[in-house]
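I have placed the structure first, in the form of structure tokens, so that the comments after it can refer back to it.
In this document, chain identifiers A, B, C, D, E and F correspond to the written order of the chains, with residue numbering beginning at 1 in each.
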Amino acid sequence: MKSLTPGRIQLLLLMAFCLPIPLLAQDEAVLNTGDTAWMLTATALVLFMTIPGLALFYGGLVRSKNILSVLMQCFALTGIITVLWVIFGYSMAFSDGGGLNKFVGGLSQAFLNGVTPDSLSGTIPESVFITFQLTFAIITPALIVGAFAERMKFSAMLWFSVLWFTFSYLPVCHMAWGGGIFGDWGVLDFAGGTVVHINAGIAGLVACILIGKRVGYPRDQIKPNSMPFCLIGASMLWVGWFGFNAGSQLAADGVAGMAMLVTQIATATAAISWMFLEWIRHGKPSVLGIATGAVAGLVAITPASGTAGPCGALLIGFASGSICYYFVTTVKQKLGYDDSLDAFGVHGIGGIVGAILTGLCAASFMGGSGLDISVGSQLFIQFKGVVVTILWSGVVSFVALKAIDLLIGLRVSEDVEVSGLDLALHDEQGYSQ
Amino acid sequence: MKSLTPGRIQLLLLMAFCLPIPLLAQDEAVLNTGDTAWMLTATALVLFMTIPGLALFYGGLVRSKNILSVLMQCFALTGIITVLWVIFGYSMAFSDGGGLNKFVGGLSQAFLNGVTPDSLSGTIPESVFITFQLTFAIITPALIVGAFAERMKFSAMLWFSVLWFTFSYLPVCHMAWGGGIFGDWGVLDFAGGTVVHINAGIAGLVACILIGKRVGYPRDQIKPNSMPFCLIGASMLWVGWFGFNAGSQLAADGVAGMAMLVTQIATATAAISWMFLEWIRHGKPSVLGIATGAVAGLVAITPASGTAGPCGALLIGFASGSICYYFVTTVKQKLGYDDSLDAFGVHGIGGIVGAILTGLCAASFMGGSGLDISVGSQLFIQFKGVVVTILWSGVVSFVALKAIDLLIGLRVSEDVEVSGLDLALHDEQGYSQ
Amino acid sequence: MKSLTPGRIQLLLLMAFCLPIPLLAQDEAVLNTGDTAWMLTATALVLFMTIPGLALFYGGLVRSKNILSVLMQCFALTGIITVLWVIFGYSMAFSDGGGLNKFVGGLSQAFLNGVTPDSLSGTIPESVFITFQLTFAIITPALIVGAFAERMKFSAMLWFSVLWFTFSYLPVCHMAWGGGIFGDWGVLDFAGGTVVHINAGIAGLVACILIGKRVGYPRDQIKPNSMPFCLIGASMLWVGWFGFNAGSQLAADGVAGMAMLVTQIATATAAISWMFLEWIRHGKPSVLGIATGAVAGLVAITPASGTAGPCGALLIGFASGSICYYFVTTVKQKLGYDDSLDAFGVHGIGGIVGAILTGLCAASFMGGSGLDISVGSQLFIQFKGVVVTILWSGVVSFVALKAIDLLIGLRVSEDVEVSGLDLALHDEQGYSQ
Amino acid sequence: MKYLIAIIQPHKLDSVREALSEVGVQGLTVSEVRGFGRQKGHTEIYRGSEYQIDFVPKIKLEIAVASEMVDKVVKTICESARTDKVGDGKIFIVNLEDVLRIRTGETGSEAI
Amino acid sequence: MKYLIAIIQPHKLDSVREALSEVGVQGLTVSEVRGFGRQKGHTEIYRGSEYQIDFVPKIKLEIAVASEMVDKVVKTICESARTDKVGDGKIFIVNLEDVLRIRTGETGSEAI
Amino acid sequence: MKYLIAIIQPHKLDSVREALSEVGVQGLTVSEVRGFGRQKGHTEIYRGSEYQIDFVPKIKLEIAVASEMVDKVVKTICESARTDKVGDGKIFIVNLEDVLRIRTGETGSEAI
């Protein structure tokens, strides 16, 4: 996020010197319309990533009898998380947590207490900051959906999301961005490598193992019902991610610009890395391959987008594209668990690759924005952030899922799974005459 | 819309004091790049709501033999209304109407007379204001399409839209935002509850009654051909609506930010209200239900988005979601008219609920931006605005439709209706091999 | 692009006079957050035009057995061109070319050498300028794809795109915007009439002639597999084009606003011109017709969007809509070549119409921003720009395609063409259960 | 037993199905087909390319019936599917040698 | 020769196809159909409009077999398609007078 | 009368239809089916999951013909559908006991 660079400070001093405007002289707490304009847009872009972006990416990948169940999960999460965010989410993520502040915020801003059109957060209205951060809170549980798609009960999905959001998303978000330990340690996570991707990826892994494989997996042919939807979704994720990464600067400045540029570079590199690797190994490049590669690149550049330069982006793109390729198409097949849409394979693995490489690519010799400590120390700090996130999310997910399974059951019946979730759970069909 | 808050004035005075820049000193008629940046974006977002947003939302809901007819109507209206806006629309909505100024503007700005790159409208270029307002003028007649879908002649639809745009949209727009009576009365309509939604909803109601039911309604199975399209469309409406509501501030400031926040809250609340009500009453939540709920919330928060706070948004969301749910799934079935895609049930009813509640939620005890008069008086003013809009739009719609029916007929033949409008009217088919 | 108008200079002088801020006093090289906010958004919009916009527009038009091949081409180009842009593209387009500077830039900025978060380009970060221009470089070769769709090898497409990008896109871009001869001559090309549309259109024409007709063309029924996709794509192009045209001002000001307004007017006019012409000539208006008309209008207004006024936009819209209509539906059928998706008919012809009319519509008597020379002279300059682009792109395309044909062959086998490119080239199918 | 194959207008499916239920038909199988016949097709135009589509959408019903039911069933279809326009379709009657219900293994008219 | 028409549950297609290959069936034709029978359909609701859908998705197999193979094939289908739930489907057997392989012009059981 | 069921390559539909019109066939019914036979299917891969698809898309024609026309029609299909590649398809001939035209109630070869 935005910081006071020496250049900025100099400018401020000069301005303070010659402009007798009290507001500026005091603490710069002035709304900047340019920053606000960009953050309004960035917020729309990140919401767009979930609905319709992610919903389509996931919806296209399942069988047509289940497409609505996936769309429903993404859309309902958008609704539920928004309301929870207002009630306690924003407060627990971003307010002071008192004695627990290292891990989670408090409830002083519950129900957005005290927020008015005049409240500022840096140079933008606090309302914009709240909505922007909300869109991150929405997409994270929606990402997990990919892991247990085509077999989870809708009610169980809602309960799980509510619990996981409360006990894993909010704390990790607070640790990284709300004043918690990641900040203290100096973990670099510009736009959510730990908070969003590793967090969600691990939850997905735990969930798909606990809930078990889909009926017929991997024997039956489980093919995407609409590759065009999948590609539209991937494209929307790509475009929307500009809001995600460049928006995380909370300002329309050079860092935001660079975040957009490196996002584009890493994504493109990861996409064509996957494409060429598949071409070499299988003889043909595929649409699903290149799209998945792009998402892997987007995931991996996320934590690094505020600190890496163009060359670092090439590296992160190539590393994430090829490691995720290898993991998803080979390792996963061997391990044998059924992560339906590779929530872990792409977001978990891609997130870890990105979080670690962020430490390296921030170094000035990699064209990054520079580090105050040695690369080795930074890498260790990044590693600590990754491990804490993995453990935290893993434990919360495990406990929440076990509890729900006991109370209401996680899975639909086999009959329902065979005939499709859309009709059984929602009395609707995806396509008709 | 944007006003001079005390803080702003103080700032301006200070700036005027220390900066000997004539432009500033005179009348603040200076372009603000941040405001302009946001309004350029907001304009794109609102256009995006109609094409492809609304087109898909509606297109997915009809039968596959009619999908193109609906897409065609939305797209053609985008074209036609743009040209009419240039010729006389903008002028009749926003210029001075002389003796008729209480109800409609004049023709002094016909053909955008006098608009240059340097013309300003507040802090943004007038060209941006013109285009932004144009996108509202486009979506309003496009909303009506939902009421008579699957049976109206394309030519009749065009004639009706042209007449209704001229005699209902432009006057109501002028009354609310162009210097007409709504403004005089003090009706609160930040982003178009009366101008857009009630206006269109009533037109839809009149139209679907006059044109009659679809062949086979309600006996035959009339199912959405593509629920995914419908959900993509609803999602695009949601995202684009940030431009609609936050853009109506015409600036990138705290009010715009709050407008975005309350839009998100009300929409989410309405969506999950509908979902849970349906779940309770029918045993299952549905995708079409949650999506329709979201649209109802968007509609209802529209007039209130500049004055309501987060708690007001929760109320408006819940009220619109549950009232529209009850109306569309129960009342409408009993009344028996055939509003194909619920243009009235969602935009008319949701618009009225929103317009009234705007009066309540503006009050400071509701966390709103405050009222100068009592809540009761404001509610009465809101009520007056609603009634005038209903009558105006109702009468114009009725007369226009009757005239067109006499001259060229409103409906396609039964044969065409049975075999589908796409082939009969456009020589094309939605889907092929 | 943005220039120093007298008003601006006066303002600067005044500011320099009263503000003792060194940065300002020196050379105005100060970041403007509003301009930056708009350009971040505009960049996202232009990327959105290619993926998913253009991909869907084209993908919907081919047969379902080939839809993925088209989506793949657009997506892979997005990846490949990004990487090439980093390595040498940006440098060859926008850096100084030394002795060759009239035609192409040099390699001093290869690998984005020297670009940091602090680098500025006018009032925006250089990183934003780089990414914005990159999105233009992506869409241009993607446009060509329409000409040879449904029969070209994926590998041949990649080779061709790389060669054509290097030897035609980069030089023409440099000539127009990077300091080359078009600039010297005074060719008006605000947003890419020559650079993007004529350039791509001619390449498409050469390619579809060299590669030959599709099997069965024009005897067999070759129908769009999904008109809704096609219309979504067209709509996204329309909305995204606001970024393309208004973004080309590189600032959020009155010229950008006017660019958006005239874009909207010309597009709408072209769309309904096509619609009415078709209605008159064939008896029915069609969805594909109105959508194609809109794209023709977007293409034609592109070079003029910085200089034309509303009336000029009406003219350009009408001219491009009707000329492209006549060309695509009549002339092309007679000439008999197989430009699958009318890359030449829309982008080539529309681009030429627009480039020429730009000269006329810039004149003040047309409501344009004014010319320093006579309309006749300007028309001649425009004409020169068109001819040079046609020849340059034509020759490069011809040589590149001939070479690739010799080395690896341009076309898939007839068997593959009959059974569809998706399965044969990508081992995937567009739609499944 | 006979195996009836009926080609009907798509919008008549519901009324035919209901009429058949009333006369005691307990099962049938439906598919979407395209028919070529006396009924004219339609024209489609895409950017000036005009295609004459000779095929029209139809519904095909397949119904196994016991011999004694054949006449009644044929009559019922005829009446409920008729619109008196060209393209109303046909009924084809083929001899059915045996039927078997997979679930129970029953055969013959038991299994229908 | 006989022409078998089997209606089965969609998710049984793969196992039936494999079982048939094992007993020597070398060709068959598959189509997606909707069936009406004892098996109940489902309900769909769109904004309060409730529709009872009587048709359930089924797969239709058409298999030409030499007379001596008929029993084995019928048995194989029966076994591999069975789930013991209502809706498992039927096998209809029709007499096949002749077959012709387009590529070679062969006829009779040669051509199957 | 005979009921012909022909399985052909999808891209041959137009030429077969035209050839049949020329020899006097006035009606037929077409459906999209998937065939399993000697012709090899294809492979699809999605993120490393490789599926062998054994079914290939085919077109099924159903044509009721008067007995005297059968040979000519079979020959015409054979010639116009042939590409000499495995997978060209088959023609199955079944006896047709009766036909009825729904619109008019005509039966027998009149109704074809």
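As a convention for this text, a contact is a pair of C-beta atoms (placed from the backbone, for glycine too) under 8 Å apart; a residue touches a chain by one contact, two chains touch by 3 or more.
It should be emphasised that the depicted structure is a prediction, and the values quoted were computed from it without experimental measurement.
Peer 1: Hopping along touching chains only, can you work out the least number of steps from chain C to chain F?
Peer 2: Minimal hop count between chain C and chain F: 1.
Peer 1: Quick check on the contact graph: shortest path length from chain A to chain D, in steps?
Peer 2: The least step count works out to 2.
Peer 1: Counting contact pairs by residue number and requiring over half to coincide, which of A-E, B-E or A-F is equivalent to C-F?
Peer 2: Same contacts by residue number as C-F, out of A-E, B-E or A-F: A-E.
Peer 1: Check B-E against A-E and say which one is joined by more contacting C-beta pairs.
Peer 2: B-E
Peer 1: Distance between chain E and chain F based on Cα centroids, please, to the nearest Å.
Peer 2: Averaging C-alpha atoms per chain gives centres 18 Å apart.
Peer 1: With chain centres defined as C-alpha means, what is the inter-centre distance between chain B and chain F in Å?
Peer 2: Once rounded, the distance between the two centres reads 53 Å.
Peer 1: Would you mind listing the residues of chain E that make contact with two or more other chains?
Peer 2: Residues 31, 44-46, 94-95 of chain E each touch two or more of the other chains.
Peer 1: Which chain B residues reach two or more other chains?
Peer 2: If we look for residues of chain B contacting two or more partner chains, we find 32-35, 37-38, 41, 221, 223-224, 226, 252, 282, 284, 286, 288, 427-429.
Peer 1: For this structure, enumerate the chain pairs that meet the touch criterion.
Peer 2: Those chain pairs which touch are A-B, A-C, A-E, A-F, B-C, B-D, B-E, C-D, C-F, D-E, D-F, E-F.
Peer 1: If you look only at chain A, which of its residues touch chain B in the complex?
Peer 2: Its residues touching chain B are 19-23, 31-38, 40-41, 43-44, 47-48, 51-52, 55-56, 59, 67-68, 71-72, 75-76, 78-80, 82-83, 86, 111-112, 115-120, 124-128, 130-131, 134, 154, 226, 229, 252, 425-433.
Peer 1: Can you check the complex and tell me which residues of chain B touch chain D?
Peer 2: Touch residues, chain B against chain D: 220-221, 418, 423, 427-429.
Peer 1: Under the stated contact criterion, what part of chain D meets chain F in this complex?
Peer 2: Going by the criterion above, the answer is residues 2, 5-8, 31-38, 54-55, 58, 60, 74, 77-78, 81-82, 84-95.
Peer 1: Chain B touches which residues of chain E in the complex?
Peer 2: Where chain E meets chain B, its residues are 44-49, 51, 53.
Peer 1: Spell out the residues on chain D that touch chain B in their complex, using ranges where they run on.
Peer 2: Going through chain D, the ones touching chain B are 11, 14, 42-46.
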